[in-house]
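The following blocks contain the structures, represented as structure tokens.
After this come two complexes, each holding subunit A, first together with subunit B and then together with subunit C.
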Partner chain A sequence: MPTPTYRPLATVTLGSSTSAVTFSSIPGTYRDLILVLDGTASVGINGSVYFNSDTTAANYPYLRMTGNGSTASSNSGNNIWFDFQTSKSMAVIQIMDYSATDKHKTSLSRWNNPASVIGATAIRWTNTAAVTSLQVKDTNNSATFASGSTFSLYGVIA
Partner chain B sequence: MSMTLIETKTLASATTAIEFTSIPSTFTDLSLKMLLRSDSNTFFTDNNNFTVNGTTSGYSMIGIFNGANSFNASGSSIKFSLLQGAQTTSNSFTAVDFYIPNYSGSTNKTFGWQSSTETQTTTDGYYIMLMAGLLTNTAPISSIRFNSGAGNFVVGSTISLYGITKGSDGIVTTSP
Partner chain C sequence: MTLSALGIFSAAGAGGVFSSDYELIQTQIVSGSSTTAVTFDVSSFASTYKHLQVRFTARDTYNYAGGLVLRGTFNGSSSGYAWHQLNGTGSTITAASGINQSYLRAGIYAGGGFTSGHFAGGVIDILDFASTSKNKHLTSLCGSDGVTVYWMSGLWQNTNAITSFTLTCDVTAFTAGTRFSIYGSKG
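Let's look at the complex of A and B:
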């Protein structure tokens, strides 16, 4: 089977509860980025990823499907990338062709809290700029990620 | 290179289980890529499951089926797929893409995976499933076993286990 090559770019392991995690100076030398989140939040949240300090929600339209163990649903909107809960949660977010300057940036996010919710999100940043930084935080800007949560960023070589 | 092939198991003879043992603890995350099929004389079997470290309690899972239904379960193992059986189109296999973050850490273990079958026939059926699992056990994962549950995994079924290592390239900066 073909194997993508991941290269570790940076990892943050929180030593205390924190509202936002930022990765900066991301080189444009990879094909895709993969962001892996593992941990918990202070309350159940919708999480966001902001590129290049662009925090305008309307610039991140999404379509997603979710399931709670009994029913499944789908919806669309702006600026919700993943859900994170107070019990163990994880998300794997792939950002395709992040350094291209001729296309909007498309991401696929697969996330879950095995105790309560699971989902997948397709999201687009309506901007052609290369992604050089990203910030992970609560969409409503009110919750924190718990101490011990990890955020790892990888570059994928095509 | 941070995504390293640990081992590939490709069946030369049919068997009821595929297991990886003595998984080194030197990586951060694990990824498994699978192509599996059962010789059970059905279209699909749903008795399959996986366990880690031989642990037989503390598992729970949640999933979405074809974007239309959601389900959950708990017990002594976790079902990981609808597995194609002998009545589905020949030479077609169920694909599973599996991710385990922080497998060697000292917290409860989470699993996330997708499973799909696309046989292009309404008789066979086709589906995509998105699933997640939790094991309320903090021991590092040193083995993982996939059981067919019904019949054998057929010859050619294959699972590759990769280790993923977190780290720094010395360029990207972070906050905090």
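Let's look at the complex of A and C:
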């Protein structure tokens, strides 16, 4: 018998500009998480997601590809999950097997700013611990997300 | 200012009563080191769901620190597949395609030469799987660092309803812990 799944866990809508949004006490009862971001930033930023308060950038190696309307490119580095701009931006981030304790945590992000860029990112947290909290913020820790921006977290059962 | 969402999950644990239009059909988790393919039988869901989605984390036992092709076939057929792909390698983007293929490049997954625990992830969407008037389309986004970020558009040039979906490893076998889950969404 199929099992109902894909459940909304929480949505945060910012009432004022905010530097970081944290989801904590995430239960381990789902297989995957889906994080949906929609809004704007105070300046164009690279966005990050930190698991379990681990803010060591090197623990989040990534690959990504982007297109800006005329050029396609790919780069790699640490701890850049998505880009957010001062105009409408969005990201959908799949966090796979987040509660497994035998796997690093692989995430896949599709993100875009309709005015300037589209991208996809594969990123890994090099840790086998179950994810129990996550924080979304500017990689450089200097920008804010604007009032009205929404951050939604979903759980997917398997 | 920092905003937190604290303690809000207590009412959303598994096992509660939810209605849903996106439902888990089956999960297969590989044990041992000899599984070369997993097959999902969806023949009984044609009237229940409109679309299918497969979510996975996968790794091969083959000692290679790079990406491997996750091969997909429908209904046991070995003909009529076509695909386009974009690959972000970390330095360049490459594009490739194939027609009249014997399988789909349904995704990409990790070789076994990486650090233990390093799997690649992916999400594959299969549209209108039960239609008997349309060729079958799918798309996937997969990858991990060291593997590539991989975006694929696939086609099975066949109007038969999909009754099964098989995902086959590229080289040796799937590593224990490799996980495939298939979901149905109503429409």
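By definition in this document, the second predicted complex is superposed on the first by the 154 of 158 C-alpha atoms of A that agree within 3 Å, B and C clash if a C-alpha of one lies under 4 Å from a C-alpha of the other, contacts with A are read in each partner's own complex, and residues count from 1 in each chain.
Convention: a residue touches a chain if its C-beta (ideal position, glycine included) is under 8 Å from a C-beta of that chain, and two chains touch if they have at least 3 such contacts.
Just so it is clear, the structure is predicted and the values come from calculations on it, not from any experiment.
Q: With the two complexes overlaid on their shared chain, look at subunit A and say whether subunit B and subunit C clash or fit.
A: Once subunit A is superposed (C-alpha atoms), there is a clash between subunit B and subunit C.
Q: Which holds for A:His104: it touches subunit B only (first), subunit C only (second), both, or neither?
A: A:His104 contacts subunit C only, not subunit B.
Q: For A:Asn141, select first, second, both or neither according to whether it touches subunit B, subunit C, the two together, or no partner.
A: A:Asn141: touches no partner chain.
Q: Just subunit B (first), just subunit C (second), both, or neither: which does A:Ala115 touch?
A: first
Q: Mind working out whether A:Val36 is in touch with subunit B, subunit C, both or neither, as first, second, both or neither?
A: A:Val36 sits against subunit B, while subunit C stays out of touch.
Q: Given the touch rule stated above, what does A:Thr18 touch, subunit B (first), subunit C (second), both, or neither?
A: After superposition on chain A, A:Thr18 lies in contact with both partners, subunit B and subunit C.
Q: So, does A:Ser152 touch the first partner subunit B, the second partner subunit C, both, or neither?
A: Only subunit B; A:Ser152 stays clear of subunit C.
Q: Between subunit B (first) and subunit C (second), which, if any, makes contact with A:Met90: first, second, both or neither?
A: first
Q: Using the superposition on chain A described above, determine whether A:Thr126 touches subunit B (first), subunit C (second), both, or neither.
A: second
Q: Looking at the overlay, does A:Ser70 come into contact with subunit B only (first), subunit C only (second), both, or neither?
A: Once the two structures are laid over each other on A, A:Ser70 reaches subunit B alone.
Q: Out of 40-48, 76-84 or 112-120, where does subunit C collide with subunit B after the chain A superposition?
A: Clashing stretch of subunit C against subunit B: 76-84.
Q: Shared contact residues on subunit A for subunit B and subunit C?
A: Touching subunit B and subunit C on subunit A: residues 3-10, 12, 14, 18, 20-27, 65, 72, 74, 110, 120, 153, 155.
Q: What part of subunit B is in contact with subunit A in the complex they form?
A: For this pair, the touching residues of subunit B are 1-3, 5, 8, 28-29, 33, 60-65, 67-72, 99, 101-102, 107-108, 110-112, 114, 130-134, 158, 160, 162, 164-169, 171-176.
Q: In their complex, what parts of subunit A are in touch with subunit B?
A: Contact set of subunit A toward subunit B: 1, 3-12, 14-15, 18, 20-27, 36, 38, 65-72, 74, 88-90, 92, 110-120, 148, 150, 152-155.
Q: Under the stated contact criterion, what part of subunit C meets subunit A in this complex?
A: Per the touch definition, subunit C meets subunit A at residues 1-10, 12-15, 18-20, 22-25, 27, 45, 48, 55-57, 86-93, 115, 117-123, 141-151, 177, 179, 181, 183-184.
Q: Please name which positions on subunit A make contact with subunit C in the complex.
A: 2-10, 12, 14, 16-27, 29-32, 61-65, 72-76, 94, 96-97, 100, 102-104, 106-108, 110, 120-124, 126, 128, 144, 153, 155-158
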